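Read through the structure below, which is laid out as structure tokens, and then see the notes.
Per-chain numbering from 1; labels A, B, C and D assigned in written order.
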Amino acid sequence: MILRSVCVLVAVATLAIPSAVVAGQNPQIPRAADGKPDLSGVWQAATTANWNLLPHAAEKDVPAGLGVVEGNEIPYNAAAAAQQRQNFANRAQADPETRCFLPGVPRIMYMPFPFQIFQTPGHIAMAFEYVHAVRRIFLNTPHPEGPIEWWMGDSRGRWEGDTLVVDVVHFTNQTWFDRTGNFHSEGLHVVERYTPIGPNHIHYEATIEDPNVFTRPWKISFPLYRRLEKGIRVLDYECYAFGLERTWYKPTE
Amino acid sequence: MIRCRPFLPVLALGSLLAGAAVDAQQEAPAVPYTPPRTPDGQPDIQGIYNPVGTFYNIEDLEYQSLYQQFKPNPAMRGRSLIIDPPDGKIPFQPWAAEKRKPIYELHLDPPPDWVDPNAQCWPQGVPRHVNNREFEIFQPPGHVVIFNLAHHTYRVIPVDGSPHIPGNIKLWVGDSRGRWEGNTLVVDVTNNNDQTWFDVMASFHSDELRVTEHFTPVSRDRIEYRAVMTDPKVYTRPWTFAIHFNRNKEPGVEVWEEACVEANRKNIDLLERPGR
Amino acid sequence: MRRAVIIAVALVTLGAPAAAQSIGRTPDGRPDLSGIWQAINTAGVNILPHHAEPDMPAGLGVVEGNEIPYNPSAAAKQRENYANRAKLDPVNKCFLPGVPRATYMGFPFQIVQTPNQVTILYEYAHTVRNVFMNSPHPKGPIEWWMGDSRGRWEGDTLVVDVVHFNDQTWFDRAGNHHSEALHVVERYTPIDRDHLSYEVTIEDPKVFTRSWKMSMPLYRRIDRNMQILEYECAAFEEAFNLAGPR
Amino acid sequence: MTHRTLGGILAAVGVAISLGSITVAGQADRWIPSKLADGQPDMQGHWISDAVGGAHSVEDGRDPDADVIQGRVGERNPLIIVAPPDNRIPYTPAFAARRQQLLRDIFTPVRPEHVDPHVRALLDGVPRNGYVPGGMQFLQAPRSVMILYESNHAWRFIPLDGRPHAPQSLKLFMGDSRGRWEGNTLVVDVTNFNEDTWLDSHGSIHSDALHVVERWTLVGPTRIQYEATLEDSKAFSRPWKIAFAVNRRPDKAYEIFEDSRWEGERAVTPILEVGRKDKAAGVTGIHEHKRGGR
């Protein structure tokens, strides 16, 4: 009888844990069947980094932002700094986003659109609302041999404790980091770290390396928010098709 | 050499279709197949598949090639991927048949407004999404996700009993909600926009299109696929389209990025218009 | 056995009001709503379900039942507003956005809470609302852009009654509108430490045939060093040109 | 009446000033303000600055000629600049020249930036928001002070928790405020200004290097002594100071009502029309007025 009552207690205590832990410093992280943190769900960044990674005042249709770059500085080499200034001057035409191109990594992570993470033990996929971009993150496998130039790069992941670490290479030199012309070459190497900090937040960090463009690696970080709206799903934003709609279906009058 | 897969729809399609249609009409194995289960209990049909069909002309398999590779195959004359109605034709309402006729006739050299939407890198819609190029079925808990090699398009199919989104939101690949009936995945697709075709032949529909799909695995490496199209604005009756998918058994194969808008010069010109 | 059950029940009781335990509280025992919040949705584009347009992402909508019960003439006005929205939307002229639009414009806002006054500071156009607790609305007629807000606590919910609006603001960029008879009741309920449930009841007998509701979660902005900045859009040349001559 | 008028606000200012002046300086030392739960001296309530006229010209106060026109002869018009002793902003040569040009442009304005940002319904910035017409409310939440200005529904949130300023490259109209208490004095360090605000209507400009240190000292139940040091390595040759009293509004039930400034802005277009016409007609001149402060 004593044994049985203990079992009841344990069961109840387990049920009660989530509410108690949420308030403390050791937040409950949802876990997948294999014991890894479960990152699946619909997420979105709330930063203004897509307009400018660095601190910036507001402009028309551009909210001000504190920036997401550690140290508030991007360590361009001299030639690259000049290129960035030129990009900035020509940004209305030159930003690949104005052509609705795939935005690359890490930019896709802070586009102001939701995305959904799907997770199985060997394979994590991300489906983005913005131009139906996808990222496939294969775990514990090597990058295919290059040279390869992909808009979204090639992502390979591994778990370090509760952090999903994703190594991304094989980029084009065609994508920018933001609308102010911050850029990279095809030598870009991104290491992302996804660390759940509670049931509804992921701390996202990316280390950016590109010896052709930067004098040293640099870091960005920001939280990802789980979208909690009822029935939330990723919709579509097929921006290259805007304004090109056809009227095939209309009955002739 | 750069190992990215170029956007070459014409060539890729040509090679894919060689002999494809013959396979399309073969009978499925008679022995019932029970797939293994995923950790959340779904029949596991994950893998990379190639559709055995055509998105050139779903009504007439004599014409299997595109554009400059045009080679009619008289052996397939009169055969169709449409199994209902029995004549294998899309049951267009008269006005719609009229509207389609000139686009159909000019498809080899279409004026800009009559170019196949898919050739403009627009998402394929359903069922063309699985009647196109190689695709991957991925089954994370509660979902079936389909990634298509072509244009990196994807479909998310919740199989958790969740309801459709509000009806007035129209999407390029619609809103899919699935359920498992035995080993068959049944998907109800609503919220389709009116911008996609089922093939190159102006086989259009309205935004009232509803598609009911059946994915039935009949062996480890083969899925039979049926789709019933209902659209009271455009068709006189529902019609059914049938193809099957063969597993890509190449060890370690992955579906890799294929950019479309980004790599297609013609489309870039189309994008040069006022406003973002 | 019986004792065990009693203990178990006690634990369940402790564990049950999950939100109530995990939310912060002020010294007077009220939920502490202070902090920087933001709606992460597309209600600012259109409070109803909508597909994407340039710079306007698609959204599932925030209106209960996905329908706004306009009377016929108000429905016609909405269509006209929509057709001319680039020119007519008061937000394109940088005007104060009204309530509840200020909540879901896509900019963060900060709640500063004291026992007698809850003040909401919005980044967009340095909009501010003072919610006076347990006091009556001043006598009208008054027409303010942001209305007059009076609050009270109902359990853990901050209920804000807002009247004295003008007829110049919209609910979204899609031309959904109201008259000066608008009456808004907002309900801010903590879900947990980092999320509020925001529910709004809208009433306006001149425009709607019945009252209707919208709801959405609000997210605490936990970004490092988060603070409210400025979106002083009256300073943008374009706003100036759009607004004048008047 | 559906809108409170500026006249009403000014009348209230008058009442507050006469009451505020009762406070005797000697009482300040003995007076101990009550403390809030987090230990802050309680400065909550509604206040009005005594610096009427400062908004017109920090250096000169209101123009006596304008006072005649506006029927304000005999009203207080204190100077708020207390250092340097000549009551002049110590502009660097470059900024003195820039300001001189601005005073000409104010005379014949052809571009919006030739018009006082206050008239253009922009935020007034710091410290100007403290001496434009209209009062202010202090609200104190734990480890923070908030100032709600009546004018143009401007506000400042001042964290007291020791957090660092926002990155320097980020420029704001109201700047970035960080506060701390030194006894009964709230010291606020304000940085991150943009160049778009003026310190008064007389074109007293500053650069984006402006750094303001404000000292709000509670000297009695109804009075705050305000002092601000302004330094700006680009615009000023040395730091300078303004000071004025801020008095508690006697009406305890007072509430700040909405001041929707931009929504009702109708002045700038005609000002520019006249300016452009004058400029086209070859009119030149400089914005100036008599020294009225005392």
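By definition in this document, a residue touches a chain if its C-beta (ideal position, glycine included) is under 8 Å from a C-beta of that chain, and two chains touch if they have at least 3 such contacts.
Only a predicted model underlies this, so the values are computations on that prediction, with no experimental measurement involved.
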item: Mutual neighbours - chains that touch subunit A and subunit C alike; value: B, D
item: Other chains in touch with both subunit B and subunit D; value: A, C
item: C-D against A-B, pair bridged by the larger set of C-beta contacts; value: A-B
item: Furthest chain, CA centroid comparison against subunit D; value: B
item: Distance from subunit D to subunit C - Cα centre to Cα centre, in angstrom; value: 31
item: Distance from subunit B to subunit A - Cα centre to Cα centre, in angstrom; value: 29
item: Distance between the centres, which are taken as Cα means, of subunit D and subunit A, whole angstrom; value: 44
item: Overlap residues in subunit B, where contacts from two or more other chains coincide; value: 165, 169, 171, 275-276
item: Per-residue multi-chain contacts in subunit C, two or more chains; value: 51, 54-55, 58, 60, 225, 227, 229-230, 232, 237
item: Multi-chain contact residues (two or more partners), subunit D; value: 166, 170, 172
item: Graph class of chain-chain contacts, one of line, ring, star, complete, other; value: other
item: Full enumeration of touching chain pairs; value: A-B, A-C, A-D, B-C, C-D
item: Residues of subunit B that touch subunit C when the two form their complex; value: 165-166, 168-171, 193, 275-276
item: In the complex, subunit C residues that touch subunit B; value: 48-51, 54-55, 58, 60-61, 66
item: Contact set on subunit C toward subunit D in their complex; value: 27, 34, 94-96, 110, 112-114, 117, 119, 121, 125-128, 130, 132, 138, 140-146, 168, 225, 227-230, 232, 234-235, 237, 240, 243-246
item: In the complex, subunit B residues that touch subunit A; value: 1-4, 39, 95-96, 98-100, 103, 113, 117, 120-123, 138-141, 143, 145, 147, 151-154, 156, 158, 162-163, 165, 169, 171-173, 175, 194-195, 197, 202, 204-207, 233-234, 254-257, 259, 261-262, 267-268, 270-271, 273, 275-276
item: Residue numbers on subunit C that touch subunit A, as the complex places them; value: 1, 3-5, 7-8, 11-12, 14-15, 17-19, 21-22, 38, 40-41, 51-55, 57-60, 106-108, 123, 191-195, 216-217, 219, 221-227, 229-233, 236-239
